Structure formats: C-alpha cells, structure tokens
Amino acid sequence: MTVEMSVEVGGLRLRGPVVAASGTFGYGTEVPLLERRALGAMVSKGIFLRPREGTPPPRIVETPSGMLNAIGLQGPGVEALIRDYAPQWAGWDFPVLVNINGETAAEYGELAARLDGVPGIAGLEINISCPNVEQGGLYFGNDPRAAAAVTEEVRKRTDLPVWVKLTPMVTDIGVIARACEAAGADALCAINTFVGMSIDLNTQQPRLSFRTGGLSGPAIRPLAVHLAHQAARAVNIPVVGIGGIFRADDALEFLIAGCAAVQVGTATFANPRAIAEVNDGIAAFLASKGLPSLSDLHRYLPRD
Amino acid sequence: MTVEMSVEVGGLRLRGPVVAASGTFGYGTEVPLLERRALGAMVSKGIFLRPREGTPPPRIVETPSGMLNAIGLQGPGVEALIRDYAPQWAGWDFPVLVNINGETAAEYGELAARLDGVPGIAGLEINISCPNVEQGGLYFGNDPRAAAAVTEEVRKRTDLPVWVKLTPMVTDIGVIARACEAAGADALCAINTFVGMSIDLNTQQPRLSFRTGGLSGPAIRPLAVHLAHQAARAVNIPVVGIGGIFRADDALEFLIAGCAAVQVGTATFANPRAIAEVNDGIAAFLASKGLPSLSDLHRYLPRD
Amino acid sequence: MFLLDGNMVARREVARGMFVLSVDAPQIADSVRAGQFVNLGWSPGPLLRRPFSVYRVDGDRIEVILKAVGVGTAQLLAMMPGETISCLGPLGHGFDLSPGPTSVVLVSGGLGVAPMPLAAREARAAGMHVTWVHGARTADELCTEADGDEVIWATDDGSQGFAGTAVAAVPDADLVLACGPNRMLASVASHWPDAQVAVETYMGCGTGVCLGCAVPLERGGYDRACKEGPVYRAADIDWSMLPAHLPYAISA
Amino acid sequence: MFLLDGNMVARREVARGMFVLSVDAPQIADSVRAGQFVNLGWSPGPLLRRPFSVYRVDGDRIEVILKAVGVGTAQLLAMMPGETISCLGPLGHGFDLSPGPTSVVLVSGGLGVAPMPLAAREARAAGMHVTWVHGARTADELCTEADGDEVIWATDDGSQGFAGTAVAAVPDADLVLACGPNRMLASVASHWPDAQVAVETYMGCGTGVCLGCAVPLERGGYDRACKEGPVYRAADIDWSMLPAHLPYAISA
C-alpha cells in the first residue's frame, strides 16, 4: 500500500510531513548521509541581517535525554546567505525556509524584504525567541503584542509564506498563537527550546560560556506535545510540531495531537538518518492502520 | 572531617539540606528503607480541605528521563490528616510541612487556620499550581496577583513558617517570586512539575486519563536549575531547589545556583535510598573541597 | 521489604519468547509470598523500576517470568548472566491461602502464569488440591512449566487442550485464583465474585508513596495496587474503570 | 562519511585503565586518515554520540583508545565483544602528512596518543623519520604501544624516561604533530607556531551542522572542530578562549 504523505502547510505543499529544524541541519549542504527523498522541507540555520560570530565555547552540554545549546546564532548574515546558499537551494526538490532573527521588529522586516523573491527561498520562519532590545531584552515570543508586531512587520514586507516559531516558556501559548495568527502568520511552529542551565561542580560556574542554553531532545517531548496541542487548539492555521522527535512514534504523537507536520532537530545529531526513518515510519504506521493518506489520521483536538 | 550540614530555611532549622518532596513520599509512613537520619524535612502529599478521590487510571506514564503524573491530589482531607498523621509526625526528629491546596484563596486560608498550632505540623508549603476556579481555572501560580493573594491569605491565618512552591510554566518566575516574597512567604520552593502530554498511538488518545500530567525527573533538571537560579536572584528569602535530583551532584547544582536547600521527589521511586545518598554525597563533596559547612559553599548568583 | 543488588544467574525459555530469569536475592527469596512482586531496576536502564511477580523461589534465588513487550523487558532479556539487577521487594499483598478450602483452581492467561507456581506451593502446604488452568493464544505460547495436581491447557486456536479461554475451562472448586490481562480478570469477576485476582497497573514507586497505581473500587475511590493489592477480591474492583490496554495485556 | 553498525570484536589494556577497542567497520577502516575521528553511538547509551580518534586500522577493523572518564566511556568499556557500536566516520580534517619534511615528532600526552599510530604510518609512507614522544603522569599510565623510529618517554614524576612534560622532551624536527589536553597544546603552540595540533571540544553532531564544536581563532570568529578541524595550525587558535577543563583533559 502506498500512502499519500504530502501535506499543505502555510502556503507550501510539502511532499512529506517531516521538516529539518533550524540550527540542526546547517544550510542543508553538510549532511551527506541523509536520504533527501524523505525531506518535506528544510529550515536553514537562523540568520540575522549582519554576520554574527556566536558565543565562545563551551556551546553545548548533554543533559538527561537532552542537550543544552548556546550557539549564539553564529552565521554569515543575510547577504552571504543569499550569495552562497540560495542558488544551491534553487536546484533542490524540496522547499527551503529561512529562519529569521532580529533585535527589533524593524530588523525582522528588513530581513523579510531582502529575502522576498530570492530564488531558492521558499518561505520564512520567524524565530521570536530572540531578545527584544527595545523591550529591555524580553523575548519577542513572551509578549503577544511584540510577537504580533514582528509577524505583522514581516507579513507587510514579503509575499513569501510566513511561519512563526513559538517559544515554550510562556504562561499561555494559545494567547501568543492567536496573536500571531491575527497578525498574518500562515503557520505556527511549536516549539523552540526551553531555557536551561547546567552547573560545573569543579568550577562552580555554568558549564556553558553563555550561562544558559536552550534545552532540546526527548527530555522536552511531553512538554512540546502539550504545547503544540494547545497551539493547534487555539488557531485555525496549521501548526508544525517540534521537540524531541527521534522516531516515527514520536512524530505521530504530534500529528495526532493536531499538528499538520513536524520538525526533527537534535535527532539528526545522534542519527544522521533520523529524518528518513521518521518519514518512513509514519508511512508504515498509516499503512498498518489502513489509512490511505496522512490527512486521514485522527487528530485529537477536543475544544472543551 | 565532619561537615556542618544544618541550614535555616524560612523559619525552620533543618539538620540537613535534603527534603522529601510533596507527593513522592506519601505521609512519611510508607518508605521503611530510607535512612531517616538523612532527612532534613519532609513535605507531605498535597492536601485539600475535603477528601478527594483523585483521577482515574492511568495516572502515570514514563517519558525519556522523566515521568508524567496526574494523581489529582487524591487525599483524605485535612481533618483525617490531622487525626491520622499529625500525631505520628509529632514524635519524629525532623520537621514535617503540609502541602496545602485549594480552589480559592479563601480555601487556602481556611486550611492554614485549621493546621495552625497542630502538634506535629512544622510548616506549610503552599502549592500554587492549582487551578483558580474564581479565575476560570488559570493556575494561581501563573499570575503574580493571585499568587500573592493566596500567600497573604495563608500568612494572615497562621504563625507557621510558610513556603510557597512556584510553578515553572510562567514567562518570568522572578515576578512571581517577588510577589510571594512581598506577600509574606518565608521561603520559596522552585519548582513544581511542568505540564506535559503523551499520546497512545493505539487508542490515539492521551495516555493519561486526565490527558495532561506533570513532568518530573532528570529530564527537567536543567530547566529547574535555571528557574531556581532565577528565583534565588530575584528575592532575599531562601529558595529550595526542586526538579530531577537523583544524585548528590544534581543537588549541588541547585545549591551552587543559589538554593539554600533542595527537595528530592521522583528519585525516591527509582531508589528508595536516594535521599540518604544525596545527603551523604553533598557532605562528601564539601569535605573533599575542604569546606567546613554547607554555608561555605560558593553560591553563583550574579545580579547583572 | 529489602533492597538488594542481585546477580542474574540464569535464563531459560519456557514458551515461545517467554523467559525465566533467576536472580540471587536471599532475603526476598526467604520472605516472599505468592502474589507478591519485586520492583526491578538496572543500569543503564529506564528511569523507573519495573514490577514483576515472583514466579518461583530456588534457594537464595528468586525467579521472574517475562516476555519482551517494551524497552525495559527487552533490556532485561538482553542481559547476560553475571550482570546485576537491583531488586526491591517483596512488595504488595499476595493471595490469601490460609487453610480451609479443600480445592483451588489457579487460572492464568499468558504471562498471568507468573504468580501461580508460588500459589500452588502455598495451596498445597495448606492442604488444598490444586488445579492448574493455563491459557494462551496458541500451543507454543503456553508456559510449559505446569505445576498442579491436575493440569488443564486452553488455547484460543485449539492447538492444545481445551479450545477457548482459560476462564471457560475452569472446573468447580472452593477457591479461584486468577492472573492475566485485566480483560480476562473482569470475566473471572463476573463468574466468581469471590475469586482472588492479581491485577496490573502502571506503577511509579511500588512502595505506596506515589498513588500512581490506582485501582478503582466498586465502593468508590481508589486503592493502591502496590500496597493494598495487587491481589483483590474480584468483585471489589470497578472493572469498567480499570484500563485493559496495558502492553502486557496486548501480549498475553 | 559512512554510518555502519560495527561489531565490537576485542578489547585490550595498553596502560593502567586505558583500553583499545576493535570494531568492525570496513569502509571507515579503508578510508580513514590520521587525525580523523569517528562518532560512536550505542543502545542503550547516552543521547549524543561520542567522538574518538581512530587509533589504528587492522584490516576491516578500526581501533579506538579510551579510558573511562564519564558515563559514555564507562559504558563503552563495559561492553562485551559481540555487541554492536554504531560508527559514523571518518570525520573531520586530519593531519597534513604530504611528502616534503624529512622528520616528524609526534607529541602526545595521555590519551592524546590516540591519533599517533596512524600519523606514524602516514609519515613513514611519506618518507619521514618518526620520533614518538609520549608523556603521562607516571609510568603505568604510559601507553605501551609505541610506534616510532625513535621513542622518547616522559613522566611528570620521572618514573620512566624524561622527568617532565612530553613537550619539554621534544627534539628538533621539520614537523611537529601534537595531541593531548588543550593546556598542553597551548604550550606546543608557543614553541612551534606551525605545529599541527588535534584539539578537543564538546561536540553535538560531528558532521558540521550544529556549530557546537566552536574553535576560537586568532583571526577572530570560530571554526568547527568537526569539519575544519580537529587538526589546526597551532598558532591559528586563540588558546585563551578554548576551555581547558574538559574531562579528557582532567584524566590525561
């Protein structure tokens, strides 16, 4: 039985529901082992307008069933991205979204304008887990108004599909989700990493040079499933589930919880074939249940 | 070298910094293996004014390096607690705090009044991770005003030491911490479980009958260390660190991050000797560093 | 209750995919009663311990019987003799086999055979005639180590013994003891309200502190399977509220 | 780059607590160059793979050398021959041993010996005279498998060979290659700016996608140890910003 795996997510038709998550797949040029046929789409490493050096080492630390990272959004800046990577992407058979980052809503808008219409760039993912310098460093994603402002600014400056990637450390993710939907997002991605800290007993200082880092991996999966479910219940646009997906069963939890697609991040570090295995496992599950297509999967979305 | 392990936490002098966490130690009468000498204090299972049946099974599910629980605060109600357990506690050589829960601030206040002066009860731990029925089910702990209102209500009705146990799923734990401090808390406990969900692929429904549950265990430790650190930076009263402590090294991360003491929960399920091992391991670490007492441990609390 | 680091000394196969592990655990072997269980942990292993009925006792050793149904059981079965398993037990409240009844039927489905050898031993010690009724889907899934004065086999496909469920094959007796999927125990309850059944629930601690192992009662409220249970009078349980879809149930 | 499930076939001790594991990994054995590494994973094991230099190649087998310094290395050393290790590699950019220089010194401290046997092989193939300088705290921590035309031992306590660090024992040569604690490499850099050094960093992916393995450069910015490294021209690294307290460094 062949299963129809394609899915429409926020203005993009993906051949399958498994997307490579930002920051865990570089610019798509590094991982040679991956079976690319399984990629629904790819989100590039987060980019700023200008080049960024990133944080000093140590940048990562392993934790129980997870890892903390503080890369500091190292990257070449948008011009180099357009020059060096977009032309390669233009030839690929899956869409590439660029993960955009800024310190002010205006910076996000400028990025959107610069990337609009560039061949090879199929869409934008707004990373709102960035400190808002105009609001004293509070994350954009923590405040529905700031999140909406960024989304609106980007929406105005581009015709590309706009996905907004939500931050998990908020009191009510539904409020932020609705604010972004109202501001013009085509899809939401839930969730980014949780802020965590690990202390080195020898130095009695944080292990990461940046002190805190973002927690990813299976440790956060139950939290991510809950938050993606809450977001999916709150809005009418598609939600892409992210957080600790290592195997097809994990992805299916998000899909059943109401997500249209999923992103796989940390898993790729442990298993460079993870995306292919997740994709194929979802197809096998659907086939075993006699479901002809992904869209026939039961979504668990009670609106009580 | 003997190390001075005693510590003063919010109106109570504990012989050691390791406290049994609420809901993971019953009423202290069940775990016969534990070496009680190592217990700094114990927090009893959460109690309401009236008896509660709790949620139907399944109530727990294992997740990567963690577990979800939805016990539903099953318990006999405050009168039975006073009748059946307090007299036993009165004879013990470590203090017992009662974890109190309500649906309105007034209910918390009534509990505090009822427990005030009862022999065997050394203090109260307010669990503010309860839905506030007067605010449409939003957790008390999610809103600084509601958290302060509960704390104030309890403070007014008792002379017992009052610890407030913070919920982690908030945008800024420092704000809640300061609100509780200002409302009269003697100490803060950080943190309670995170809300999570796990989906059963066979039934395509949540595995827990209550749908969501609280995530505990090593999975959340990096998040808990960060939040406890944030809380400790925000206030001048002691903070008790909680979340995923399985070994002495884990507890030391919280202590270095600025906590005065720690609570051990889920670890006791996997290892009934966990509390003793954590306590003894802390003493051994201090000795190995040549520190004569717990209070000589370096606290990492930059206030930038 | 003891907490021991036990040496895993042997493994044998007793049905297709069903194995018995022997673990050195002297104090537990000495004190365990039929229907009680041990909570096993190992390293590297899952976060929580895994509960298993004690199957037999052999000198200083306890035996547990299992199949690979998930991560933990697969890891246990991949262990080599010589590796260490942490054993917490004996736990729970076992079968009541005080003298009185003259005959007992031990009814088990699949892995539900687990507590029955100890039950047979205690029943015989109390002077009862023991009938062993053991069912599975098909002949090669029957646990071959039968231990009754009389033995009745039952298979869903009729490939050995009685064609049908173990419950349908139960003869008359003073006392009925049962273990198996919760679905099967619910059927036992409808035939023999006074039967003693060993139920299964997810467990957090195994020692009574977490309230995770809730067993819904007919009279309302919940008991702890690890403390008041896992053995109950069949009619005391509210079967409609006890989940029937635990992995063990699927594989039985 | 290959991803192979390799059979662990043997283990031998080469210094106190220091072991060599042999793993079947034909394509990696065929293609690996000195200074490259493999990223090892196993189940049940830690979340992330663990990077190890390839120590030797023996037919279809690669060898890695390690001590138990943490959870992962302890698990690897507890494995029995016959168990499976997932091998991702060869990874990174190794030593440049193209013909030209007539003599090379291979300087290693503790586990820094790891990439040296392959380096010796390639250096000899390129016609160089190989001096092997290997240091440790004390005699029984020296890796006994020396492989140079000339061998110099160094111990901090003077219990064997030169009394002092390996770096202090280095003779003149056209080329210096070094591996060991980052502290030691910083000292190499101050003596021989053109030395090729293999550094260590924490790693997420090992394949260049996570940017976790940042190596601070003298000219500013960061390189990826797993892609542009782990071998660098000594003077190109900003040693003041490279952490010196990784566990491996502690144990060396």
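Chains here go by letter, A, B, C and D, matching the order in which they are written, and residues are numbered from 1 within each.
Methods note: contacts are C-beta pairs under 8 Å (C-beta built on N, C-alpha and C of every residue); 3 or more make two chains touch, one makes a residue touch a chain.
Here the structure is a predicted model, which means the values were calculated and not measured.
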Chain D and chain C - chains in contact with each: none
Shared interface partners, meaning chains that touch chain A and chain C: B, D
Centroid comparison with chain A (C-alpha atoms), farthest chain: C
Mean-CA-position distance for chain D and chain A (Å): 35
Computed distance of Cα centres, chain D from chain B, in Å: 46
Whole-Å gap separating chain A and chain B, where each centre is the average of the chain's CA atoms: 33
Residue list for chain C, restricted to those that touch at least two other chains: none
Interface hub residues of chain B, defined as touching at least two other chains: 65-66, 217-218
Topology of the chain contact graph, where touching chains are joined (line, ring, star, complete, other): ring
All touching chain pairs, where touch follows the definition stated at the start: A-B, A-D, B-C, C-D
Touching residues (chain side chain A, partner chain B) in the complex: 63-66, 68, 142-143, 169-172, 194-199, 201, 204-206, 212, 215, 217-223, 225-226, 229, 244, 249, 252-253, 256-257, 285, 298, 300
Parts of chain B lying in touch with chain C, wherever the complex brings them together: 23-26, 30-33, 45, 53-62, 65-67, 69, 71, 74, 200, 202-203, 209, 217-218, 266, 268-273
Chain C to chain B touching residues, read off their complex: 1, 3, 41, 46-49, 88, 201-216, 220-222, 227, 241-243, 245
Residue ranges of chain C in contact with chain D within the complex: 44-45, 75, 80
